[in-house]
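The same subunit A turns up in both complexes below, where it pairs with subunit B and then with subunit C.
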Partner chain A sequence: MKGKKLLIFLTIFFLLSFFYIDFKLSNFEKDVRNEIIKMRIFRYILVITSGMVLTSSGAVMQILFKNPLLDSYVLGISGGGLFGFILSSVYFKGNLLISIFFSFFFSLLSALISLSFSSNIKSDRKVSILISGLLVNILFSSLVIILSIFSKRDITFLFYALMGSFNHIFISKNFFLYISFFVTIILTTVFIIFKSKELDIISIDEDIASTSGVNVKKNFFFILLIIIYQTSLIVSFVGMVGFVGIIIPNILRMAGVVKSKDLISGSFLGGASLILVADFISKYSFSFEIPIGVVLSLFSLPFIFWIVKNNFE
Partner chain B sequence: MERLKNFSFIFLFFISNFLNAQRIISFAPNITETLFFLSYDRYLVGRTSFCNYPKNTEKIEIAGSFIDIDYEKVVSLKPDIVFFSGNLTDKSEKFLKEKNIKYYDIKMEKIDDITKGIDSIIKIVGKDYDTSKVEKIRNKILGIKKLGKDQKVLIEVSEKPFIIATSSSYIGSILKLFGFKIFEDEKPYINFSYENILSFKPDIVIFMHSFKNGKDKYSILKNFDKIKFVFLDDEKIDIFSRSGPRVIDAIDIIERDFCER
Partner chain C sequence: MVNIENLKFSYTKGKDFLKIEDLSIKENGIYSIIGENGSGKTTFLKLLSKLLEGYEGKIDLLGKDLKRIKEKEIANIISYIPQKIYLHYDFPVYDFIKYGRYSKMDLFGNLTFKDLKDINFLLEKLEIEHLKKRNCFSLSGGEMQLVQLARSIFQGGKILIMDEPFSNIDFRHRKKIIEIIQELKGEKIVLISSHDLGICFNISDTIVGLKNGKMVGIGNKDLMKNELKKIFDTEIKFIEDGRRIYFYEGV
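Moving on to the complex of A and B:
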């Protein structure tokens, strides 16, 4: 995406952002307006960061596994992360750092289980990874439900955790932690963009990559580890949000974006915009907030069906 | 001099208390009903979409639903006090602590909790109220007579899944005071089965839902013809599920419709 196109896209994105923060702000009295803007800006940062991470991680996974239907949700990473987060919140009563560590550990575990399941399924690699990811997701979602029942969590918590919500409560004493997480996400994303050349070679053929001096295994697992870290961080704040990582990279490919660097950076903007619109719908379309996953599923399922139809003949 | 100082302090305290009107949000229908009952509705600035009694609640802004709280709305309503009734979640607690808003979870699960709950609300709000109204509730509860004659009552809350209210529920606790025998359990609502129906053998079945064919399943009992089936309409369902000042109506309905004279 270069020049004029990028400028148009950026303009749309900024207009969307302005509309998101400014929506019906005049309805509030002047003295509380600043407080509302502060709440909305925090939420806005969470929304666009999640959109960027989930979409770019989806694009990277699709390159690594050469499968257009993969993202952190489909591979079961989000399910594992959510289970870890809830487990730690039961035993360590809301310590954010410990919760994120648990979320990362179980995300990693779920990814390893998915990979090991898929290697034992005698089928096309594209299909086997999808099936194993689905099984791991079901497993951890069930464990999340059981854990929530045992810990006497209210049913609305479960409802939003399993389908995702950006209605997060930011605590001022955790401000330094939020900044640290945000910085690590930016740094790891920049690192992945630096690795885009290696990703390009891996996406063509692993043998070619090996002969070109690219350590395929090392790069594969290192990048996967970064994606798992980013995903577990997002899951700890917003719960499980699926499909956004599948839609945007595939739209970009349809638009002729091939290079990994362009695909990942294009995913940032596309993912952030899509989630921003979806969150706006989830927040304002009913008298109560509907989970973001519900909005995304309704809009993305026809598109995913189309991808399956064209890739799994 | 010291006297004058003390007097001016007390005077200022009362003046500020008088001028400083409370702003209250209620996140529970029974609390909203109680606030109206105590004439504290003039301080009520927010409610849930579920709070629909008395009719005047419509004028109060909605600050949340049965699923979640509208946090932006809560901030904009600038409440001094937020009330819950057993539905305070970790998330809401985190939010209210962060915003330094006082919150109270007034649990009124059984009939015995009603007057205690009303007393707590009066203490928290700290404003004048009509003492005779509260006394009326106290006397009405104390005046309940054992008219139930050990009849077994089964309270169906939902048909599918088959859930009943036990002696620990609000309606169960009222009926128990009347001398009816209610299915005993620590939990207020539990799953029930056909086997349970056969072993409990109810004399009266109360339906707190609108599925009219619900009574067919009791045909497995030998005394089916003698069972009294009571279908509650929406208004009565609210009366028997919201523990609050409408306990007076609940007691009247039981005396009128359930008890043999």
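Moving on to the complex of A and C:
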């Protein structure tokens, strides 16, 4: 993205960020205010990184699978990730590294199941991958519910984990953790941006990509692996948050953003902005906090219906 | 320059789909592959482009064994235009052409100044400068084919492979494509598969006939015009007018 478009996006994003952190601050006493700002900034960082990653990974998946209706939620990856995370928290008492490893492993597993399902469905590839992703998602959500009931977890925990929330951070609040999380996300994201030319050429045509010197298979799986890793990290922190990854890239495409690099960088800003708004609504619309996934799905459904109508004949 | 020996390929095990014992192309020029639907034309072109794996026998391109050619090297040897390109997302025409030299791009996807100049030169030569700022979705079939041609010339492969470049293309663009191909034949091997016998016979130096995955005849048009019955299993009528030859179904 260049020039005007980028400027507009950046302005919107910064205004939203300021509003998010500053909201009703003047109601508090001075010493309380600093504490609140600190808490809000922690949450803010988590919110925008999740938004960025979920959206850019959605954009990348849509390019890789040539299907505008995909994101980590629809493909079943976040379902698998959540299951892995909760499994490790039950059996390994929430050891961080083991949790992240489990989450990654089951994300990967769910992606593989979804892909092998879809290759066995004799239908349009666009439709078959949606169906198999849905099935995998149902499978792992059910497993999460069973596991939570067996481990006698609080039912609200389950509720927030399945619909995603920034209020119930599942991993213990630890400064070092936040930093390492942030650094990992940035490194993987830079990697994805460097891969945007491969993504572009794969999105044009795989045969053309091969004869132009791109190793399509290797790039496909390598990029997918990175995306899965990112998603599993996010899921470990905030649970399953869906649909931002579908909405923002499609809006960008409609606005004429077509090259992968622009789409991904636009997704950062757009995804972060949308999820900030959603989190704001989930925080303040009622006297208690509603899961962010609920807000996002309510807003997304009409839009997703519209995308389906335009893309599937 | 292209040398094929005992090539065997099958999609399902035990059943040879394509079997070519010996084929060699020694000089630049236009080579057409004709045959019925399912005779193996596309498979043959895909094998040459290293898009299908698991063949038996030997394919040598420019003196190198195809199996040993590395990914980035193939871009300088083969330029491939598929039969049909189905774009799922829109893409800018200029970048579409630019990605022809993917193998020469730096980490950030930039090309040298000289490369960019080459694009402009090509756009001018192919008379598609006016498409430069458009997106692929807005192009007609003929315009898209010209853009594809520009992309593959920009890529610079010594062997240009075109799978049915004339199907569903209007007359004006077809003429343009033929003109460009004829200009290229001095410096490249141009391999075309087509159902349009008229174009094949009038522009090709050599015509290859395929039937059920086997080669049935190779030669210039005077030789091949008498082999048509063998290739297509039906009488194909033609009129000769000096150097040109016109085909018709005769019904």
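By definition in this document, the second predicted complex is superposed on the first by the 306 of 313 C-alpha atoms of A that agree within 3 Å, B and C clash if a C-alpha of one lies under 4 Å from a C-alpha of the other, contacts with A are read in each partner's own complex, and residues count from 1 in each chain.
Note that a contact is a pair of C-beta atoms (placed from the backbone, for glycine too) under 8 Å apart; a residue touches a chain by one contact, two chains touch by 3 or more.
Since this is a predicted model, take the numbers as computed values, not measurements.
On the shared subunit subunit A, the superposed partners subunit B and subunit C are arranged side by side without overlap. After overlaying the two complexes on the shared chain, residue contacts for A:Leu177 are found with neither subunit B nor subunit C. In the superposition on chain A, contact of A:Met39 is made with subunit B only, not with subunit C. Once chain A of one complex is fitted onto chain A of the other, the partner contacts of A:Leu15 are absent, as it touches neither subunit B nor subunit C. Of note, the Cα-centre angle with subunit A at its vertex and subunit B and subunit C at its ends comes out at 160 degrees, rounded to the nearest 10.
Once chain A of one complex is fitted onto chain A of the other, the partner contacts of A:Ile201 are limited to subunit C, with no touch recorded for subunit B. Look at A:Ser210: by the touch rule set out above, it reaches subunit C but stays clear of subunit B.
Contact with subunit C, but none with subunit B, is seen for A:Lys259 once the two complexes are overlaid on the shared chain. Superposition on chain A leaves subunit B and subunit C with their closest Cα atoms 43 Å from each other. Those residues of subunit C that touch subunit A in the shared complex are 46, 49-51, 71-75, 78-80, 82, 85-92, 95-96, 99-100, 102-103, 105, 107-109, 135, 151, 155, 157.
Within the complex, the subunit A residues that touch subunit B are 28-29, 32, 35-36, 39-40, 94, 154, 156-157, 159-160, 167, 169-172, 287-289.
The touching residues of subunit A, counted against subunit C in their complex, run 63, 66-68, 194, 196-197, 200-201, 203-205, 207-215, 253, 258-259, 261.
Of all residues in subunit B, those touching subunit A in their complex are 49, 62, 64-68, 70-72, 75-76, 78, 87, 89-91, 94-95, 98.
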